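Below you'll find the structure, written out as structure tokens, and then a few comments.
First chain written, first letter: the chains are A, B, C, D and E, and each begins at residue 1.
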Amino acid sequence: EKAKFEFWYGLSGDLGERVQDACKKFNDMQADYEIVCTSQNSYDTTLQNTIAAYRAKKQPAITQIYDAGTLDMMLSGAFVPAKKLMADNGYTIDWTNYFSGIANYYATAAGELNSFPFNSSTAMFYYNVDAFQKAGIDFKPETWEEVEEAARKLKAAGFDCPLGFNFDTWQMMEQFSAIHNQPIATQGNGYQGLDAELVFNKTKFVDHVKFFKKMVDEKLFVVKTKQLGMDIVPAFTSQTCQMIQTSIADHGTIGKTLPEGVKWEVAMLPVWKGTQRQNSLVGGASLWVMAGRPEGEYKGAAAFLNFLATPEMAQWWSTVTGYIPVTKTGFEAMKANGFYDKAPYKGRELAIASLTYTPTSQNTRGIRLGGFTQVRKEVSTALEAIFMQNADVQAELDQAADRSNAVLRRFEKTYAGQKLN
Amino acid sequence: MEKRAVFKSWWLPILFALPQILLILLFFYWPAIAVMKWAFTLEPPFGGVAEFVGLTNFDEVFADPFYWNSVAVSLIFALCGTCFTILIGLVLAIAVDRRLPGSGLFRFLYILPYAIAGPAAGMAFRFILSPERGLMASVNAAFPDFWNPAKYGAHALILVIVIFAWKWTGYTFIFLLAGLQSVPRSLTEAAAMDGAGPIRRAIDIQVPLLAPTLFFLLVIMMTEGFVGSDTFGIVHSTTGGGPNHGTEVMVFRIVDEAFKGLNYSGASAQSIVLIGLIMVFTFIQFRFIEKRVHYK
Amino acid sequence: MADIDIRAVRKSYGKTQTLHGVDLSFASGEFVVILGPSGCGKSTLLRMIAGLEEITAGEIAINGRVVNRLEPRERGCAMVFQNYALYPHMTVAQNIGYALKVAGVSRTERETRIEETAKIVGLSEYLARKPAALSGGQRQRVAMARAIIREPQVFLFDEPLSNLDAKLRVTMRAEIRKLHQRLSATSIFVTHDQIEAMTLADKLVVMNKGHVEQVGQPLDIYHRPASIFVASFIGSPAMNLFNTRVEVETASVRFGGVQVPIDPGLAASLRGRDVTIGIRPEQCAVSLDGSGVRATIDFVEELGSGRVAHAEIDGEPFAAVIGEHMSVRPGDRVGLELPSSQLHVFERDSGRRIDMKINSSSPHPAAATSTLAIVH
Amino acid sequence: MADIDIRAVRKSYGKTQTLHGVDLSFASGEFVVILGPSGCGKSTLLRMIAGLEEITAGEIAINGRVVNRLEPRERGCAMVFQNYALYPHMTVAQNIGYALKVAGVSRTERETRIEETAKIVGLSEYLARKPAALSGGQRQRVAMARAIIREPQVFLFDEPLSNLDAKLRVTMRAEIRKLHQRLSATSIFVTHDQIEAMTLADKLVVMNKGHVEQVGQPLDIYHRPASIFVASFIGSPAMNLFNTRVEVETASVRFGGVQVPIDPGLAASLRGRDVTIGIRPEQCAVSLDGSGVRATIDFVEELGSGRVAHAEIDGEPFAAVIGEHMSVRPGDRVGLELPSSQLHVFERDSGRRIDMKINSSSPHPAAATSTLAIVH
Amino acid sequence: MIQRTPIADALTYLLMVLGFFLLIGPFLVILAGASQTLQQINSVPFHFLPQDRFLENASAAWSRANLGSAMINSFIMACLVTVGKVALSACTAFAIVFFRTPLKHFFFWIVFITLMLPLEVRVVPTYAVAADLFQPFRLLISALTGIEVSVEWNLLNSYAGLTLPLIATATGTFLYRQFFMTLPNDLAEAARMDGSGPVRFFVDMLLPLSRTNMLALTTIMFVYGWNQYLWPLLMITDPAYKTTMMSLSALLPSENSLPDWNITLAGSLIIMAPPLVIVAVLQRWFVRGLVATEK
């Protein structure tokens, strides 16, 4: 009789199936445990269902929580810290082997990992080389000035949507702020205390949004959302839009979906000219082991996490998805065996490059804000108002910041007396 | 009307009512008490000790312009939904009540949309009224941006109201038709003898006599629009409350705030306000169900 | 004030025929009562005159003008419905004035006429009330006023009294009569109450199963019913009827073991035919000495105002009104005298009355022998 | 077969009292009719006997056993409801047999008894039908059968005939009487129809506004109504009543400008008191020569079996039955003779009858002078 | 009524046909779309004529959203809700209408207050209750006796959890109450005279007599149960219990692939079918039952 335990994850579609593959591999490989993997469709429903289930004492043993839910998890007291779990179950893990940029996001102040980095990513810039050539663009867009120029040329060459974007704040605000070394919130984006306040409405981000607004007015940048019928990735793969910013995780899917022979490239996110580029933030999600399960399940969970961390699995995972390897050795091994030189995978190493571009600063360590899902929603609503309904940029962002601060204050009050560890 | 109660046992009624009473206590009152508790504390998402904060949650709710926006959206949604369902239902009921050959078939067909789940209808209408394909694409081709619910809050609101009205018109239709048919034939005949033509009769005799039914439907549709299970489903499956809160009805906001925003306390406060509102509706309805504007 | 001609009118609902060819004509100003059992087609006929029901075949003419295809409002009829059909959401004044309002009569004129009409029916004080706040009799008057105000040529009443209690019916009957005298519009009044029929009618139409059984003056019909149906339907307690055969030799019929004499001429022409003989309970004399048909009293109904003795003769119930001071009790043997002049004779098969002279009110020429007529 | 005693029974619904102390006792096998206007408490009383209604105060005893706290099924009563209350989803047989089924009677016995009972009421051919497929009279019979099958000691009827048409009522009346003769259970029959009351009752109870007005044999009540209410309520056309004052000197009352003589002894004791005098329409003689009270005929109702002349005297309507051969027409001046022996005299204030001798059926001892009794 | 009003008749037909397109039109569009190819459905202008690809599209939808098990789950859920609701409401309404007890008004109000508060409004705490059904009793017991009991019963991911909270409302009870109130008093009294007690009366009279209402309620509740959206969405995490409404999102064209709305529409048609059939088949009783009581 195998010990069963549950694993909830937030990926769906192609990526979701890859998770199922991983689970199957684990189940096939050993005879002691059986992992039951359930997709909760998306990151936010996973967090939502995990919380509801935890309140009902029906939480899974392992759950996949995205970057934005990190602080919510950390203060919940509802999990078993990664390090403790592995130690308790007799696994030795070289914790220093994780890329520090990645580990920082999920670790305590003392640097101890609470959760296991699993599917890590960062935002990248994708562009259609064929279209660039057709429009006579002979440079790689590394700055926003160049992006604008490229957009104008593409427009002139008859492309209706030179750059497509949506209201996901991850690329637009979080990654932008990181690589431009702009704070999103005070207290080192929240790392130094629950009393952090959002300041994105006073940084370069505002100008950036204004720039986007201008581009949209000139029809150089185009809004592409699910509600409008097509999100950015399909817009890029259907060659409707020639430039997008999206996660490296989509690298695999884009490669598979774009018609054979179409030339495209991935690059680090552009910066404004004259900006000293900083490292970008790690995205994706990590695996949390939930507290309150029977002892037996933790053995299985530890075995599974250990299994995922093996170099073979790490490489397999990075191969079949676009996610980056999370350990230095993993990355080195893949680099060594020429993974990044071959056609479909070429360019993914840039994600690591972006993540590790500089040592982390106050503003690029990560984001440690409570209720960050809500903050994201406030900002993207503001963006929606700005781009769809012509609202004033500064006013909307100010309002979003105010509302987001209220969220932070409520969080602070809710966890009054708790210390960030 | 009080029924002449006939059986006298004291334990039998308790036995008969017990299963449902238990369910209701368990799944209605107990949760309702929990809502109360949460509304006056700051409930941590994962549970645990919650600090009592008095009316803070309510203050925050009332101070939030988007909350009032959701109240307004809910009101518009419920009011427009009610008006459309009742008006269209009334016109169709009057038409079918003329009993021309074939009207039986129409009667049969009109009720069918009632069977459809709001979310399923929402999905279908997302296609039917999509700006890029289906019907509206042609219109938009001629008049760019004539119809774009993803962009314009008003359009999105119209979209969800249309879906609601579509589903519920059959329901009001049936009640109104029955109401019309219970208007004694001799009254319309008397009016005919008095010289009134069909339209005149409809306006002077039939519609005024439908007043009780109309009122009943008004209350039912208002509550359905406010908190009916379709309301959430339609909004969730079509617009997700957007664009820019344009279709964020109260129920949607509550669920969103609780489960997405992890703000159980704020959501509970909103729930209580909503429950209070509905209680007022319920009260009105009960007063009128028992003694409606009966003429006789 | 209009005459009405109904010519070979038929009515079918789907396949079932409800009226089988009705011919009637009413003179201007006449008060016609249509009487008949439930379901015989009274309302149907009335509604066809009103224009509320399509005419399947035949013609209805008002004042000589065929109205078959006219809408109700174009026929100049006013109708008082059984349940009054008052508009519950309008006040009495609005109810009464509605027809004028539809006709576009000016507000001031309307008000004057409403007041006048209300005065006629004695409702002046109730003009502001809703029908729900009126008593049965008052409602009935509103219904009347609503009809009166239109100054119609024809008044149609569909059992307007049947929802009232006994006392009020008597009063309302008197009022309807007075009203008719005052307005003298042609009135057609449907009922299945014979007292109403007898007391109100200038002309009485008795219907049965979609046919007209008899038309005539009420007393005429009472005393000379044209058919077994009419005989049994009119009069209470009902006419005693018995089936027998005519014995020509003795000019008598056999009944209860006794020979009851009948008119010899009649007897001759009826030779051997099956007949039904009828006699009204108030026309047989009961005697204790036992002459006439012998019978044993079953029970005596004491009505206070009179007494009815019930017996069984030849296995059929028989009733006779007896004097107030005659003391009979159940079980007594009595004699019943059946005066030959009071006997009604009907042909068994057709149910038609057989008489010595041709009834002048018969719409059809008699189709019988010279001395014998079957009255239609 | 059970006697029933009702002792000081009261009924209140909340604060309003519906029965104000009713005392009645019925002998075993008696056929009692309770008569009264709508809302007077007839049904309430019946339902209290049946056990369907709590008894607020007082006692009801069946066969000497107080049943106040017994369940309906323990009282041995069967009831026939006004609208029959047939179980619409059961066949006639199931309806009739339901009580037996509940009582756990075996299937075979049940079937035999259902068949027997159905035969009694003539429903054998309809056993498989549902009530909806029956005519009014048949339904009524099912209701009867359902009561009969239980072989009850007491039969309770709550206006069982009021939903039937006139003809059927007469028939059903006779059937109920026959049934009573056959089963001779104590029967209590509630109605507000006087013909039913007069014809069916061994004992008649007249109720008004929660009081018993009079108890007695029907004819007794007709001829000696104990109160103005009973006088006006019983008899049709209703008794003529007029308010006047007694003139002792002439031993008469003044009416229509004429002095109508009354019993001098009575007159003496009534000195100067306000009285109401009543006379039945069939008891005043109308003469053309004009002796007696003078009146102008308003109209004459021809009922076929009789004629009623209507007039107005002292502003009040007055009716008199006239002979068949007397020719009076509206407008004629006639004289009305009011035979003093037929006059009913009532005390105006209390509404009670004033008589020379004490009425033996009165439940209370007379509380009046030696020669004068107010009958309760 | 004699009416020579061809204009009014024409207008009536016009209105009825307009109503037809308004109310049935969407079905026709769905039907047309569901039977077209990817190219056809994405063409502008839209072709309103149904094509022959329905079966292909339907089977594609069936497997994409795993409709097989979802349909079964939805069916089970709808049936349980229906049966539970019909049975419980009849019992409660009986208790409320046919007994004279001091608790009558208490029952009445306790039940009818729930009439207007659907699950959506109190979904958060209801979830918590469903997760630990005995919590109230445990609290009660420990409050009363100080003993900590540790029985738990979790309804998440179960049919009981899907249905019980939905059964706990008053719509059906209200319908029954209204119907019971219209029954003539005499009926119960006749039964009582015949010696029948309350339970017998309930079984022998009320249940058979309320057939129409039962069918009306069956229709309403089946539709209600089948169409539940939010509750399953929250409380079911185990794919084995997924209902059709939860499959809706899976039916939408996935983000990174073709806009194959033809598949989506075919799927939605499948999902709509069962309640549609129920309403169509039971509509006579549905209408009668509703109208006879609510009005």
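The definition used in the following text is that a contact is a pair of C-beta atoms (placed from the backbone, for glycine too) under 8 Å apart; a residue touches a chain by one contact, two chains touch by 3 or more.
Just so we're clear, the structure is a prediction, and the values are computed from it rather than from any experiment.
A.B. asks: Tell me which chains count as touching both chain A and chain B.
C.D. replies: E
A.B. asks: Going by the contact rule set out at the top, which chains touch both chain C and chain D?
C.D. replies: The common neighbours are E.
A.B. asks: Could you tell me between which two chains the number of C-beta pairs in contact is largest?
C.D. replies: B-E
A.B. asks: In angstrom, rounded to a whole number, how far apart do the mean CA points of chain D and chain E lie?
C.D. replies: 56
A.B. asks: Cα centroid separation between chain A and chain C, in whole Å?
C.D. replies: Distance between chain centres, rounded to whole Å: 95 Å.
A.B. asks: Determine the centre-to-centre distance between chain A and chain E, using the mean Cα coordinates as centres, and give it in whole Å.
C.D. replies: Chain A and chain E have C-alpha centres separated by 41 Å.
A.B. asks: What parts of chain E, by residue number, touch at least two of the other chains?
C.D. replies: 1, 3, 128, 130, 189, 192, 234, 249, 259
A.B. asks: Two or more other chains touching the same residue: where does that happen in chain B?
C.D. replies: Touching at least two other chains: 6, 133, 189, 192, 259.
A.B. asks: Quick check: what residues of chain C touch more than one other chain, meaning two or more?
C.D. replies: Those would be 51-52, 71-72.
A.B. asks: Could you list each pair of chains that touch one another?
C.D. replies: Every touching chain pair, ordered by label, is A-B, A-E, B-C, B-E, C-D, C-E, D-E.
A.B. asks: Residues of chain E touching chain A in their complex?
C.D. replies: Against chain A, the touching part of chain E is residues 127-128, 130-132, 152, 154, 156-157, 234, 237-239, 249, 254-257, 259.
A.B. asks: Taking the complex as given, what residues does chain C use to touch chain E?
C.D. replies: 51-54, 69-72
A.B. asks: Please output the residues of chain B touching chain E within their complex, sorted ascending.
C.D. replies: These residues of chain B touch chain E: 1, 3-10, 12-17, 19-21, 23-35, 38, 88, 91-92, 95-96, 98, 100, 102-103, 106, 108-121, 123-125, 127-128, 133-135, 137-138, 141, 166, 169-170, 174-175, 178-179, 182, 188-189, 192, 197-199, 212-213, 216, 223, 227-233, 236-237, 251, 254-255, 258-259, 264, 267-268, 271, 274-275, 278-279, 281-282, 285-286.
A.B. asks: Given the complex with chain C, which residues does chain D contribute to the contact?
C.D. replies: 165-167, 170, 174, 177, 194-195, 198-199, 218-219, 222-223, 234-238, 280, 282, 299, 301-306, 310, 321
A.B. asks: Using the touch definition up top, name the residues of chain B that touch chain A in the complex.
C.D. replies: Touch residues, chain B against chain A: 42-48, 50-51, 53, 60, 64, 130-133, 148-153, 239-240, 242-245, 259-263, 266.
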